[in-house]
Structures are given as C-alpha cells and as structure tokens.
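Taking it in order: structure first as structure tokens, then the write-up.
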Amino acid sequence: MLKIHGISFEQKQDPGRCRITMESQEGLRIKDVKMQGIVKTFPGVLANDHVDIDVHAGEILALLGENGAGKTTLMKVLYGLYRPDSGEILINDEPVSISSPRDAIDLGIGMVHQHFMLVPSLTVTENVVLGLRSSRGPLLDLESAAKRIEELASRYSLAVDPYSPVWQLSIGEQQRVEIIKALYRGAELLIMDEPTAVLTPQEADELIRVMRGMADSGRAIILITHKLHEVMAVSDRVTVLRNGRLVDTVLTKDANEKLLAQMMVGRDIPQTLRTDETSQGDPVLVLDDVWADSDKGPPALRGLSLEVREGEILGIAGVSGNGQREMAEVIAGLRKISSGSVRLKGEDMTNSTPAKMIQAGLGYIPEDRIVDGIVQSFSVEENLILKDHHKPPFSHGIFLQKDAISEFAKEMVEIYDIRTPSIDTQASHLSGGNIQRLILARDISRNPACLLACYPSRGLDIAATEYVRKKLLDVRAAGCAIILISEELEEIFNLSDRVAVLYEGQIVKVADVDDVTLDEIGLLMAGAGLTETDDGNSRELVDMI
Amino acid sequence: MQGIVISDVIIGILATGVRLLAPFLFASLGEMFCQRSGVFNLGVEGIMMMGAFVGFFVTLRLGNPYLGVVMAILAGIVLGLLMALISVTMQAPQGISGIGLHMFCWGLSGLLFRVYVGFITSIDGFKPLPIPGLADIPVLGPILFQHNWMVYLSILFVPISWFVLFKTNWGLKVRAVGVAPQAADTLGVNVNAVRYQCLMLGGALAGLAGAFLTVGQANMYADNITAGRGFIAVALVYFGRWNPVGILLGSLLFSMMNSLQLWIQVLGINFPYEFAVILPYVVTIAALAVAVKNVWAPTALGKPFRRESI
Amino acid sequence: MKRFTKGLTAVFVLVLLVGVCVGFGEASSKVRIALVLASTTDDMAWSQSMYDALLALQKQLGKDKMELVVSERLGNPVDAGAAIRQYADQGFDIVIAHGAQFQSVVFEVAEDFPKTSFAYGSAFKTAPNVFAYEPLAQQGAYLNGLLAGYMTKTGIVAVVGPVESGDAVKYNYGFEQGVRAANPKANFRIAYTGSFGDVVGAGELAKVHMDAGADFLTGSSQQAVGAVRACAERPGVYWLATDMDQSSLAPDKVLASQVYHWEKLVSHMLDLRAQGIIGGQHLYLSFADGTLEFRVSPKLADKIPADVMSKIEKAKQEIIDGTLVIELPKGTK
Amino acid sequence: MKKSNRLVQSLSQVALLAGALLLALLVGAILIAIAGANPLVAYKSMFLGPFSGKFGMTESLVKATPLLLVGLGVVTSFRSGILNIGGEGQMVMGAIAGAAVALAFPKWPAVILLPLTLIVSVLAGAVWGGFAGWLKAKLGVNEILSTVMLNSIALQLCLYLIRGPMIDPEEIAYGTGTPQTAQLPRQIWMARLVKGTRFHWGFFLAVALAFVVFIFLWRTTIGYRMRAAGEGPDAARAAGINVEKYQILAMAMAGGFAGLAGMVEVLGVHRRVLEGLSAGYGFSGIVVALFGRLHPIGAIPAAILFGMLTLGADMMQRAVAIPAAIVMAIQGLVVLFVVGSDIFVRHPEIWRRWFRKKDPDTLGRLEADSAGNRN
C-alpha cells in the first residue's frame, strides 16, 4: 500500500518496476514523434505559434508552461482534436495526417485528458472498449475485455474494478481508467495532461512510478504540467512553452527548478504569503454534523463539522470528490442537508435558500466560474449586479437604474482591474482571469461576512493567481471569514491560518497550518488516518486526531 | 349493456390496446435511439405522415404492401437525414427544427396526395395473421396472437432494440455519445456520424410507424392521418426513461387508455366523450410527472456537438 | 439588436412601397362562384360532396357560363375569413362558405359587400345577401336507421361520430329514431372520435364497435371514411353512408347512402339571383324537392328484403308528404 | 468591439434571414412546379397579394396581431430558458374564459367589462401555461411534451364547452347545433379601424405590449432575473435567484400572452368563441419569435412579415389553384432554413472560414489576459 515518500519521488527498489521493465519491447512502432512549425489560432487568440517539439520512445518529455501557454492546445493537435493552421507531424520521420482522435489512436497515440473523458453512466469496461472493434463482430465482448483490463491493471498497478460504473469511482480510480483506456488501445505515445492535479501527493507518487515503468517498457510519454518538482522528478527532457511559443527544450539533468521557472514565466515568480499572525475572532460560519446526499444517491457529506472565524482563512485540503462540491453547495444554500445544522453569524441557516445566505453575508466564488459564476450572455455590468440588482441604488421599485449600475460597473472595472473593452461587453468574451476578477469584484464589494472560495486560482495564469490570492488576504485583513477550497496544498499552506482535511464527506482533522506538515496532510487526504492502523507512521497520525 | 359479457369486454379492451400499440412502439423506439444519441427529434410526427403517404401510395400503385413498407422506411431515412443535416450539422435548436420538419412533411404529404392520388381511396393492406396454435389459446389468443404481422414485429422490436442498445458495439457508442460526446470523441467515435445513424434509424422507424397507419391499420390515406400520434410517441420516450422496456410499458399504458376510452363510449357509459378522448393525454402527463427520475438520462440531449468548443 | 430591428423594418417598408404600386381587379359576365372548404376537396364527405356537385353544375352549364374556384383546408375561421373577403373583393358573384363555423365571418363580410351573394351552412341565419342552407340530414338518417333496425342480426347498431355538434347531431338523432322505429329492442350505440379528420381513430372506433357486436354502422364527416374501410375487413357488417355515396371505398359494405345534391340547391340559388333575390332565404336539402337522395347500392340491392325496402319507400313518401316529421333534439347535452 | 463591426453583424443577420427565406422559396418553387403551376406566377401573387389594396394590407396586420402576441410570450419564455409550444391551447383557454365572463355580464359597461375580459383571458392562459411551467420546475416534466398534451386537452375542453354549456342558445333553438358561443356583448368589441376590413385596434395593443415586454425584460428587476434564469441558470441560482419560480412565471407570462391573443381574436375578429380559433398561431408565434431574433421589438416586423407571408401564400394558393397543403410545406421550409442558418450567427467564424478572411478581431474575443478558456 501507500508509503510515505513525501514529494521527493525517490524510487529506488520497487518490484513493480522490475516487472514492467521485463515486458517485451518488441512490436512497438513508434520510435520518435516530431511536431514541426505548429500554428493554431482561435478567434482572437494565437494559441500555438510555430512550435516544434519531439519525443522518443522510452523517454518522458515534460511539457512545461503556465496556464494559457498553449500546452494543451498543442497536445490536442497531436491527438487530432484540433486541426493546426499550419505545421506538420512526423512519426519515425514520416509525415502523418492526424485529423481526428481515430487517426491518432490508429497511429498509437493515447491521451489522458485533464478533464476526464469518461462516460459516467457506463461501466469501466464499457468505457474502455468504446469505439473499438470487438472480437465478436458487432456484438460486445465485455467478458474478455474485462479480463484484459484486469491483466493490464495488475501489470501496471492500476487497480480498478472493471464492472463498476464510472460515476461511482473516485477521482484517482477514474484516472487509472483513463490510463488503461490508452494502454488498452496499444498507445505507444501517451500524452498526460496535468495528471497529478487532482491527486494526493501519495497518489501522484504512485502515478509517477507507473509512468516511469511505462517509459521503461519502451513507450514515449509527454507529461503536461506546470509543477516544477514533478518535472525534475520524472522527466528526461523538458520543453517549455510561453504565450504559445517554444522557449526551449533542455535535458532535465541540466536544469533546475529556478531555471525552469524563469523560462516558464519569463521573470521571477512572486510569492504571496500570509505574513501576519492568526487572528482569533468569533466563529462566523459553523457547520455541525452535516449530512447531505450526492446527486446520485449515497451521502456525500457524512457528519461534517467545521467552523471558520472572523479574519481567518480556513483551507480545505482534500482530494476532489470527497465532498468539496457538496459542502460548497450546502454552504451556498444550493443543496439541502438531511441532518445537522448550518449557522451563519450565530443565526440558524439550516436548509435556507441561496438568497438568504447571500443576504446574511455570504460571498461565493464558485468552482466553475463560467457556469456558476457568471451569466455568460450578460454584459459585464449586468453580471456585476447579479446579487444586488434588486437593491438601491441599482433599482428603484422594480425598475433598474441604468445610470447607477453603469457608474458602479465602471468603478468596479477600475478598482479590480477587469480588462474589458467596455462594461457592455458580453462576459463570456472575457478571459478566465478577468472573469474571476469580475466575480471577486461582485462578491467582495458586498463586504461579505464569510467568503467561500472554491478553487479560486484554478486555471489562471500566474499574474491572475497572484491577484486572487492577494485579494483573499485583503479580505481576510478586513475581518472576513474565508473558506478556501483548493487542490493545491501549497496554496492552502501559503494562505491559510488553519487547515482542515476533508475525506469521504468528513473533516478528519483541523489544525493550525504551522503545526502540520505537507506530508501529514497528504496522508490524511488519502484516508490513511482512518484506515491504515497497521502502519507505524499512520498510527501516530491517528493518535493525533 | 345488454348482450355484453364482461370477460369479452376485457379481452376486447386488451386486444384493441395491443393493436393500437404498434405505431407508438415503432416511433418511440426510433425516437429512443435519437434521444440516446443526444438528438431530440420532434419531427417524428411529420416523418410518420410521409411514411403513411408513401406506404399508401406505393401499395396503391404497385399493389404490394410490403414494397410500400420498404419505401416508407426509405422515405423516413431520407427525412431523418434532413433532420440530421439541420440539427447535427447546422446545429439548429432541435425542438424548433422538429416543428419545422413536421410542418414541411404535413404540407408535402398533403401536396403529393393531391397531385398524385387526388381522391380518397382504399388499398388492400395487411390482414390479421393469427399465429397457428397460439391464436386459439383462450383469452391470450385474441389479445396477443390475432393481429397483423406488423403488430408482432413492433413487439419484437422491443427486445431487439434492447439487445442492440446494450449488447452491441454500436449501441455502446449510442449510449456514450448521448451522455458524454466529448469523451466518445476522444476515443475516436465519430459523434456526429453516430447521431446521423440514429436519426436515420429513428426516421426509418417513424416511417414504418406511419406506414403501419395506412397499410396495417386504416388501409387508406387522408390528410393529417397521424393526428398527433408522433408527438405522443416522443412523450413516451421520456416516460419510458430511454429504455425499450419502459417504452413498451408506456406505450401499453397509453394505448390501453385509448382502448379503454373507446370501449367506455361504445358501451354507452354516460360521460361526456370529450373527457374520454382526453383521458390518455391526462394519464400520460400524470405518468410523466411521477416517472422515476434518477436514471441516467442522455445528459447531452439537445446539445449539438462541436469538437473545437471543448 | 436595435440596428438589426431597424434593418428589418427598413426592408419591410421597402417591400411595402413596392407593393402599394400594384393592384388588381377584373369583371366578367359569367357567373363566378367561389367555394371555401374547411376540409379538402377529396375528403369523401361533406366538403367533397359540395365540390363534386359544383363541378357537375359547371359541366352542365359550360365553363364559359360558370367560373369555379375553390379554397380548401380553411378549417379555422381566420384564414377562411381572409379567403371569403378576398373572393368578395375580387368580384365573385356567389361565395359559398361550406360550413356552419363560417357564420360569423360570412355575416361580417356580407355587410361590406352588399352586392355579392353569400351562402353557408348548415345553418339557419340569413341576411339580405346571405343564403343559409341546411340539409335535412335527419331525413336520410331516419331511412338509414330504419334499414339498420330492420336488418340487424345482432341487434346492435352503432354510430362512429366525429364531434357531437351541428350536422352530426342531427344525423345521429335521425338515425337513432329510425332504428327505434324499426326495432325498439335494438341496442343503439354512439361514440365519438373527438376529431373531424382522424381516420385512423375512426377506423379503430369502428373496430371496437364491431368487436362489441355491432353489425350496422354509420357516421358522418370526413373521419368516417376510416370507419367505412374498417368495416370492409369484417364479414357480416354493413355501412350506411351519408353526405355522399361512399361505396367506392367498400363496394361490398356500403349498403345505402344518403346523397346530397348540392348542384340542385346551387342552381336554385342562381335562379333566385336571376330574379334579383341575392339572399335572405333559408334553403333546405330534402327528399321533397329531390335534393336529398336515398341511394341503395345497386350491387347490394338484393341483400335487402323486399318488405324492408317497401317500408323504407313508404317512410320516404311520408316524409315527402309531411306526414312523418323527424324530430330534432331539443337542446344539446 | 467597434461600432462598424456591430453594424456589419446586424446587417449580416438580416441578410442571413433574407437568404434563408430565399432558399426556402427556391425549394418551395419546386413544390409549386410539382403541383402543376408556374412558380413565378405563383410567387408574384404571393408577394404582391398582401399589397393589393386595403384588404391585403390590413389583413396582414390582422394576422400579425395574434402572431405578435403569441410571439411576445415565446420571446419571454425563451429568454427565461423554457420553450412554450402550448400557445394553441393557451389561446383557446384564454378566449373561452374571457368569453365566459363577457357572456355572464352582458350588461356591464365596456370600461369595466372590456378590461375584465382581457384580464381574465390573460389569467386563464397564464394558468394553462404556468401549469406546464410548474410541471417542469417541480416535477421535471419536459415542457415541450406537457404543452403538446395540454393543447389536445384544451381543445377538447373548449369543444365540450362550446357545444355544451356555453353554446349559442340560438343554435339550440334552431337545432343546427353549431359549436359556438353567442356573440359577445357589442360594447366590448374591438373597433374596426378601416371600413370594409377587419383591421382592429388589437394590433396597436400588441405593438404597445412589445415595448412593454422590452422594458420589462431589460429594465426591471423581475425581467432581469428571468433572463438570468434563462441564460445562466446555475449562476442565477448561485446568486440567490429562484430559477424554478421564474421559469414558472415565464411560462405563465407566455400563456398569458397567448390567452390574450385568443381573446383579442375573439373581440376583434370573431366576436364569439368558435372552433379552430387558435388557427395555428400558437406554433407560428414561435417562428415569429425566432424571426425577430428573440427580441420583443424585433418580433414586431417579424410578425408583420410572417403575417404577409402566410396571407400571401394563401392568396397564391387561390390565385393559381394549387393545393393548400403547399402553404404549410413552404412555412415548414422557412422554419427549417431559418433555424439551420442560425449557425452562422452563433459561430461567425464559419463565415470567416468560408471567405478565407483571417481577421482575429471580428468576433471580439479578447487578448487582454492570456489565461483560461483557450487552454
């Protein structure tokens, strides 16, 4: 089972690895893959500008860059999801035409997407064989497919039940299914798009071991990431992209984190850190023994309790899928709870409506900012008044006051530096960072008593990320109670006063940030604190709780 | 109620119900494939109308109802292709393109009937085909085994569609593209091709349903012969939760209600007949309202697929 | 959006200006008749009976003496109103709106075109330039009823009705009285499809009637053709037709038909116009003046026992004499 | 976005509609030829017909009136994320309820009775539409299906009433039994504005309401919430807007407009409730809303245009004596081509691809910040 290696990724002796290495290397067709002069534009955006990369059999190439640097676009071109405007792809020095994923799969290319490409209603086996020929002609042959999946799973340590429906699987399991899907199709070049983003450090560790093993068996792997330590730990070479252009390709052994960071950002990375001491205000938001169902039946929250105080940031650590979404929805008033209570500023708000929560002073930065945060077809100004449109000065009786709204919008655009041609621009035309600024402007300008921030920097570039983090600290300084849900432990550790670990719908631990280590939190995120009682290390942790 | 034996009435109600089943089953099963693949085809009514006309016309001219059925299926496929072109390739809002298709087909079938037939006339359609042995079973025989072959075929289509949907490669693709088209796309499944295929299959079955009305049921053609049956078929797909067995149950419920209201009137039970006529609609709405909800609906239903918008 | 609206308005105004420059109108010496139908000219019932009659009249008079135009599928009074008004506007001499539902629009248009004759039915209300016409459908229905009452073997006769209103009510009521007069013990059953046009529904209703034992069926409006065809499938049942001779649909089943001779009614209207009477009269189709015909299928005439036939002939004579009056329902349900 | 760009965009939208219309008519020409008429002659009467004298011109507006009213309801509901195809049934329900009130109090003065009947008709339509909205919001019943069913139910209910309890006593007296109510009290008839035509002031009521709807949707908090619920239901919900409530309200409003359309038809055109009153307006109203690009003001020219189109098609059918079915077929083609061409509005980049024009700024996507949705 899991062993604690921290995030240093040292893999010396591992029997699994030996087995993988022993797998035959014959029959592999891909020796190397080159992409040359790739140009890809979207309306108004030059995503890839004459990019060249190459990858060889048996190596792991890290594709490094900020969000928006064009990594994913480039890989979607390679996988046939996008047609490049110009440029060519060569496999073993032969030009190939890849116009659809079908072509890519036939050429031996597989891709594990950042947002999993699984059909939740189907079983693992059905997901794996989807689109493949069957040994029984037009009829499905799920039994033998399941057998092969089990083989692959045991060979690469990708344990998963071939017969369970995908929607019942944890995120980690879903990722394994994605990898199995690619391997099942005989992928010799495997593209992995930020595969560790949703994993605990330990799971990430495990995954990297698997990747190494696959490379050793003669496959080529392209790993998309923006995490420098991963690059250093696993890759053979690293290609850095910035603003859609190739910066350089270097051997990993000749590089270091600082160098890579500079290549990636083009300047030094600023680091926002909480500096002052933990304040000790009154509890603002209190959840007590909350139970709530998930969309598909089983309870997602199982007796969750937490409290967040005035002027503090409570970081919620946890692998996504452990109840983060449901917890956020419960707090926002969007999900009914079956038992327990929710109190905001001392008042009982159990199963109240979103409107009442907003009224009582809750701010909410939703996980999916495009869908839950803004009305896409509304203008910037219309979006800015989404929560207060019915109050003066924005309305008088039932009539909206155009002038007051415009004035407010202009002020917000200026204060929060929302880059938009005008306040009439449709919000969906803004970039992700500016949409997030819009949401921050709307919710922070209301002076919330409690701010629920879900993955506030996900998918943003460094500048925008820094901006968001700085704003959170500003709000905290103003006395707001903040719940920060994030998948990046670093972010939680840098910003939070206290950290709570969410596992299977429960807060399994709350501690001052200064009193715990990243490793301990990582282990708790994996549920080790609850289940691994044989192991000495874990017992200590269990005792600590 | 003189001269009526209660058991005969019940057998009568059930037998009539089974006979009324076929057009709903054909059309609903076809629509099920469309919706499973993510396309809401509201044009079923129109396609049925064209199928009804073509089936009738070919039978009238060539004297062969089998040929009529085949041509009706072909006409349905062509119209399914048209719907696919508008709603899959051109990505038009599906509810409205379905209404457009319905209007077009209604007009076209009326026009063709006038130009090429011009008067109401009857044809020799399919005769009831009692199944030897089974037809003589008391009670069950008259209810189930004394219909024409298309009725048997429609019932046979229930297990066949179940098998196709759940036990074949193609069915797996259909189930995938209606829930997660992007995911299917990344595995090399041509999402739009599957949707085209489903719309063609749906069109074929709607054409068959239409042909049943003229060749298997009325033995004639008249303007607006479908009289809303296509819309009911669409409703039954929701009712059946995109499952052939559910659709069979829904179709049974609706046609039994219809049969029941006919018998209520015929037996002279005093009751304004309008209320009898609306009975099946009321029951269907009620059934839609209480139907089980937590089943995997085709979540991509009604959403056109565009790869570059991932 | 605003600009789009402006653009659309501009296009509209432009088209409007072009259009105003055009107009038309003509005059002619021959009789010009326009027919407005709710259903189609091929519905094998109410609408077709009028259309066929006018065609026959045109043949009789010659195309140079009578012009005939027809507008069909005007089931709703809105489009029918437009058609009636347009025909009046174009100078047609007689505009026949073949349906009771056209009463309101006919009266309205008639006011604006006092020189044009309008005719509609079946109805009773007239105006100086509006003829109302009405087939005494109950008369033929009574004879059909007698036939069914005398000949039924199962003792069950049935009606496949469209919607319980207007002509259908009169017909069904007359039919019921005929049945009762012939056979007081007969079981008379009546059911409606709820639609004038659902031939499949009518067919199914007829099948249910037959399953439940009926051996004589009848019914009115265009939906009835579905029922006729359904009868053709079953041995031992007969259909009694109304509006027109429907035997072409099922030659072995349509025992007798009540046939409307609209051509006589319309030519009567032409005579009245020649005398300067352009409306104001309530015209009937009846056995008395031969505008109604009770037609027994020549092919099946031998199936009807002679005594039954003579009883029917006698009843018909009494109706013509006025000694037998078929009552009408006093108020609908 | 530059102003000129916006103009180009709007003009190209109009051009697109015109193009779709043209294509539909081109295919329609084939049908006309099949019917044995000369398409050119037919189309001449179709396009000039609506302008032939005061009849044609006013009759287009008579048709435009209910089309616009139903269309306004469709615009409102569509903007709120729910499609109302129950206009037919709602019209009938509105008309019958309004007529019931008018017939119950025939002696009341028009100042009271007229507004009362109109309000009752709106309420009846709103209940019928709102019920479908409620089914959708609370029980998840697809609104397209429930409204189709409710149409059939309303139709039978109305038939029952106008042949039974509400039938014109004269019809019973004479035994003709035509299913229609008596004429409504004369004082509340909507006055005809042009002698010798049936053009009534309901048209101006509808136009005025279009502006009211515009103000309602874009200038009031309720309208704002309805649009938010339609265009971003999840965001609206998170922002404290009760999406279900506003969807029900939207369906109720759509039904209310359709009910009003029914009553206006009764008061302005028929003066009584009779069969076939809804005349397909419930469906055509959807087309009008689409034609007007789902904008209440855009719906005005769209309704007039569509009124002219249907009247012209009817007149064409009479002029060249082709089967009436062709009118329906051409209308269907217009719908298909219009919704089909809509892709060029939603994805203007397709134009660009076609014209090989590489101007990254036309769509107005911004490069202000390099983050997010392109990765």
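Note that the chains take the letters A, B, C and D in the order they are written out, and that residue 1 is the start of every chain.
As a working rule, a contact is a pair of C-beta atoms (placed from the backbone, for glycine too) under 8 Å apart; a residue touches a chain by one contact, two chains touch by 3 or more.
Remember, it's a predicted structure, so these values are computed and weren't measured experimentally.
Asks: Which one of the chains is farthest from subunit B, going by Cα centres?
Replies: Of all the other chains, the one whose centre lies farthest from subunit B is A.
Asks: Per the definition at the top, count C-beta pairs in contact and tell me whether A-B or A-D has more.
Replies: A-D
Asks: If you average the CA atoms of subunit A and of subunit D, how far apart do the two points sit, in angstrom?
Replies: The computed centroid separation for subunit A versus subunit D comes out at 46 Å.
Asks: What whole-number Å value describes the gap between the mean CA coordinates of subunit B and subunit C?
Replies: Here the centre of subunit C sits 33 Å away from the centre of subunit B.
Asks: Hey, how far is the Cα centre of subunit A from the one of subunit C, in Å?
Replies: Distance between chain centres: 73 Å.
Asks: Residue numbers in subunit A touching 2 or more other chains?
Replies: Where subunit A meets two or more other chains at a single residue, that happens at 42.
Asks: Specify, in ascending order, the residues of subunit D that touch 2 or more different other chains.
Replies: 156, 159, 164, 323-325
Asks: Would you mind listing the residues of subunit C that make contact with two or more other chains?
Replies: 40, 73, 164, 194, 333
Asks: Where do chains touch, given as pairs?
Replies: Pairs flagged as touching, ordered by label: A-B, A-D, B-C, B-D, C-D.
Asks: For subunit D, which residues count as touching subunit C in their complex?
Replies: These residues of subunit D touch subunit C: 6-7, 10-11, 13-14, 17-18, 47-48, 50-53, 55, 57, 59, 62-63, 156, 159, 163-164, 167, 170, 172, 174-180, 183, 195-198, 265, 269-272, 274-280, 292-293, 295, 297-298, 300-302, 304-305, 311, 314-315, 317-318, 321, 323-325.
Asks: Give the list of subunit A residues in touch with subunit B in this complex.
Replies: Where subunit A meets subunit B, its residues are 42, 76, 79, 81-82, 100-102, 104-106, 111, 113, 116-122, 126-127, 129-134, 138-140, 181, 185, 296-297.
Asks: Please give the residue numbers of subunit D that touch subunit A in the complex, ascending.
Replies: So the residues of subunit D in touch with subunit A come to 1, 219-222, 224-225, 227-228, 231-232, 234-242, 349, 352, 358, 360-375.
Asks: Which residues of subunit B touch subunit D once you look at their complex with the stated criterion?
Replies: 40, 42, 46, 82, 85-86, 90-93, 95-97, 99-115, 223, 228, 231, 234-235, 238, 272, 274-275, 277-278, 281-282, 284-285, 288-290, 293, 306
Asks: Within their complex, state which residues of subunit C touch subunit D.
Replies: Residues 1-5, 7-9, 11-12, 15-16, 18-20, 22-24, 38, 40, 69-79, 81-83, 85-87, 89, 100-101, 103-105, 108, 112, 122-125, 134, 163-166, 169-170, 194, 328-333.
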